[in-house]
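The data blocks that follow each hold one structure.
Across the two complexes that follow, chain A remains constant while its partner is chain B and subsequently chain C.
This part shows the complex of A and B:
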């Protein structure tokens, strides 16, 4: 019995908490992806690179003496115009063509490659380690937990709740959901659809950038940092249901737990096949994912 | 108020509107009749900015609508009550209704709330169900919501497409009562309706559409014009 409690306390619980901090970060990434898909019907292949840009922006600004708390506000604000212009100048140009899906996929894929190479040109290919903004740890129920991870979990969950409130409890969110379901009708009621599109894309990009700021102290910063992460985010979006906010949250937290806890019992090499295996299973059994798309009942 | 001149429109290769001209003066209710698939709905969609005109001109209150987006046209004062009502499924009744306020973004909050209050007072069934999802309403209630949605704004011209389709007779009475109220309030209405007799009771004038062209227009009150219309649309 004592062994069991020890096991729960010193093995399972810390691993679950590690999984939770990763999960919160993955959900933030997946939220941006799924909101953009739900509204614009665009799969943003550059999302991982926007995440990297956010992390590098934080690195540069921190070098200029900007504090961590200011970065949490400043970086998303700087990412907003980047996302806005990417939508207005690039995506909007091919949005109304018949091959929208493939064109926007290729366009954002190319954009991601350009961004990644620009980061390599400016910062070099090497890995940079930002300072841990919140040093130390806290003992909770006999477990020693790094303060930064605790902050990440709390801040991330609050952010997820805030996004949910904006989308489902405000007039602005109603506009986005209406446009996601029926663009023409929303437009004829006076919803400024073009601005809603650009604004939503910018919002998703800002969320990706903010994830970059939050995760940089844990996973360090390098130009291809988006690649590892984006696969997980895409898996989460597919399992949760493309375009579903609830789905991104539920699937994000579940899949990262699967990954974290399974690595206790099987070689970590196998935790990725396990997660992607779940995705394949979901696609076979319930191809629409766990939850419905944004704006749909 | 609304003037359409020699309007042509295409869906891909199909030439749907082949030179439509029509007018609607301030406060007028104008009926648009014809069989299915002759282009009535396309005329409304062209005015609303959903379907681009291949040639011809649409003017609303003296403003040329060419190249304007549907939301810009809505803010000029055009309200659309479309075929199949198009209630947003993921949105509550109240959220659906409040979207209508976006037609007048500059209006004071107090006036907006007053407009919502009036709509709920006029449609108590919508008020009772304000927190329900819009698509859980009955067909008639959804039609009321689609009409209330344009009534909370500042529309001067309403395009109403088949508002009574598939509804019970009692609800049909209610819909025509609303249209009559809107007419009394001074709105201009372009009404597409299969129930021609009922529509002619509220309309001032009418146009008949055949294969993308206007083939007849007349006064709703003139028995001779009505007779010609009936002859034309009777199968």
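This part shows the complex of A and C:
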């Protein structure tokens, strides 16, 4: 019995908490993706690069002497116009085409490619590590936890709750859900659908940028940093149900736990095939995912 | 959810009543001009003793085979595959293993790759064709990721290093034989195979099989009312595309002497999609033109900056927005417009 408690306390629990801090970060990425898909039907292949842009922006601004707390506000604000313009100039251009699913996927894929290379051009291909803004650690139940990870979990959960509040409890969120449900009807009832589209895309991009700021101190910053992360976020969005907010949260926390706990028993290099295998299985058996999409629930 | 499809080059280029007559469709003329240019290039490169460019052109043709397989799905059937590199890489690994460990036989390697591509395509097709539209794109992507990561982790397959030391071989055609170590002969061999693939696939796409695929692309829901089983046709074209990709991949280790897991990664699949979009969706010759142009571009731009992705990305996005039918489609549309004007004013 004592062995079991030791095992729970010193092996499973730290791994689960590590998984939780990764999970919160993945959920933040997945939220942006799933809101953009739920409303605009766009698979944003450049989401990982927007995340990298956020991290690099934070790095540059920190170099100019901007504090960490200011970055948490400033970077998302700077990302908003980038997202707005991307929607107006690229997505809106092909939005009324019959093949917009494929065309928008291809456009954002190209955009991501260009952004990644631009980051390499500006910052060089090397890995950079920003300073940890919250030093030290805390002992909880005999486990030592870095303070920054605790902050990440708390802040991330608060942010997720805030997104949920905005989407489901404000007039703005009602507009977004109405446009997702039936854009023509919403438009005739006075919802400025075009602006809602651009605004939602910008909001998703800002969330990706904010994840970049939050994760930079843990995972370090390099131009291709979006790639590994985006695959996980895609899997989360698919498993949770594309366009579903609660789906992204549940699947994000679930899958990162699967990844974290499975790495105790199988070599961590196999956790990627495992997660993608789950994604393929869900697509086969229940392509709509665990939950219904935005505006249809 | 509306069917996700891409419009392809319509009547001016290909098909229509004209293709029933003995006259060659304009798209085939374009292919012939292209073949002549390729032979001219080979002659110049051989005369100047430039093996490097011959090898580069051979590689472009090999990746053109992969792009053709993407075109079969995207251009003719309206299915976007983001994981075609799975079959390309499979063909490359099977061919490398056969050449290294079984027998240095070209035909055996190609047959083994074809078989492996067909079987894997059947399995992948049954899985991927359960879903439609963007879900199809994502499931093909996921399948390729699982396969690529598995190869990447498998020590027996060389893990992240891949397989090296693939021997160079003699390719026998009855009394004749040809050495893959010689840049010119291998280029001509791959060019010949590309021509055969183009001719065969074009014929198939003009045959009732291809017309049924076009019907699926146009409106899948109506196809059953015409008495066709859309699912069976989509599976068939998926297996066909997997076989084409595997055969193209089988040539890769003969050219480079090694294979690596990168061949299966998303970059390879993504590049194939870029090639098809820039070259011309639904033309089959477009992927070949696109592959050679992009390879040339990468090599030219790459000689003065390593940031060629920006250039390729911009060209790709411009093609998506402005050239819905790619370079070949734009060229064909211009030719047919000129032809009509010529007829109108005798």
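Keep in mind that, in the parts below, the second predicted complex is superposed on the first by the 297 of 297 C-alpha atoms of A that agree within 3 Å, B and C clash if a C-alpha of one lies under 4 Å from a C-alpha of the other, contacts with A are read in each partner's own complex, and residues count from 1 in each chain.
The working rule: a contact is a pair of C-beta atoms (placed from the backbone, for glycine too) under 8 Å apart; a residue touches a chain by one contact, two chains touch by 3 or more.
What you see is a predicted model; the values in this text were computed from it and never measured.
Legend: residue contacts after superposition of the two complexes on their common chain; A:117 is shown touching chain C, with no touch to chain B. Of the two partner chains placed by the overlay, only chain C lies in contact with A:107; chain B stays clear of it. When the shared chain is aligned, chain B comes close enough to touch A:175, but chain C does not. In the superposition on chain A, the chain among chain B and chain C reaching more residues of chain A is C. In the superposed model, A:191 makes contact with chain B only, not with chain C. Once chain A of one complex is fitted onto chain A of the other, the partner contacts of A:6 are absent, as it touches neither chain B nor chain C. The touching residues of chain C, counted against chain A in their complex, run 1-2, 4-7, 74, 78, 80, 127, 130-131, 133-135, 137-139, 142-143, 145-146, 149-150, 152-153, 270, 273-274, 277, 307, 309-310, 312-314, 316-317, 320-321.
Chain A meets chain B in the complex at residues 171, 174-175, 177-178, 180-182, 184-194, 294-297. Looking at the complex, you find that chain B touches chain A at residues 48-50, 69-71, 73-75, 78, 80, 82, 86, 88-91, 95-96, 98-105, 133, 135, 149-150, 153.
Contacts from chain A toward chain C in the complex involve residues 43, 90, 93-94, 98-99, 101-103, 105-107, 109-111, 113-114, 116-118, 120-121, 231, 234-235, 238, 242, 267, 269-270, 272-273, 276-277, 279-280, 283-284, 287.
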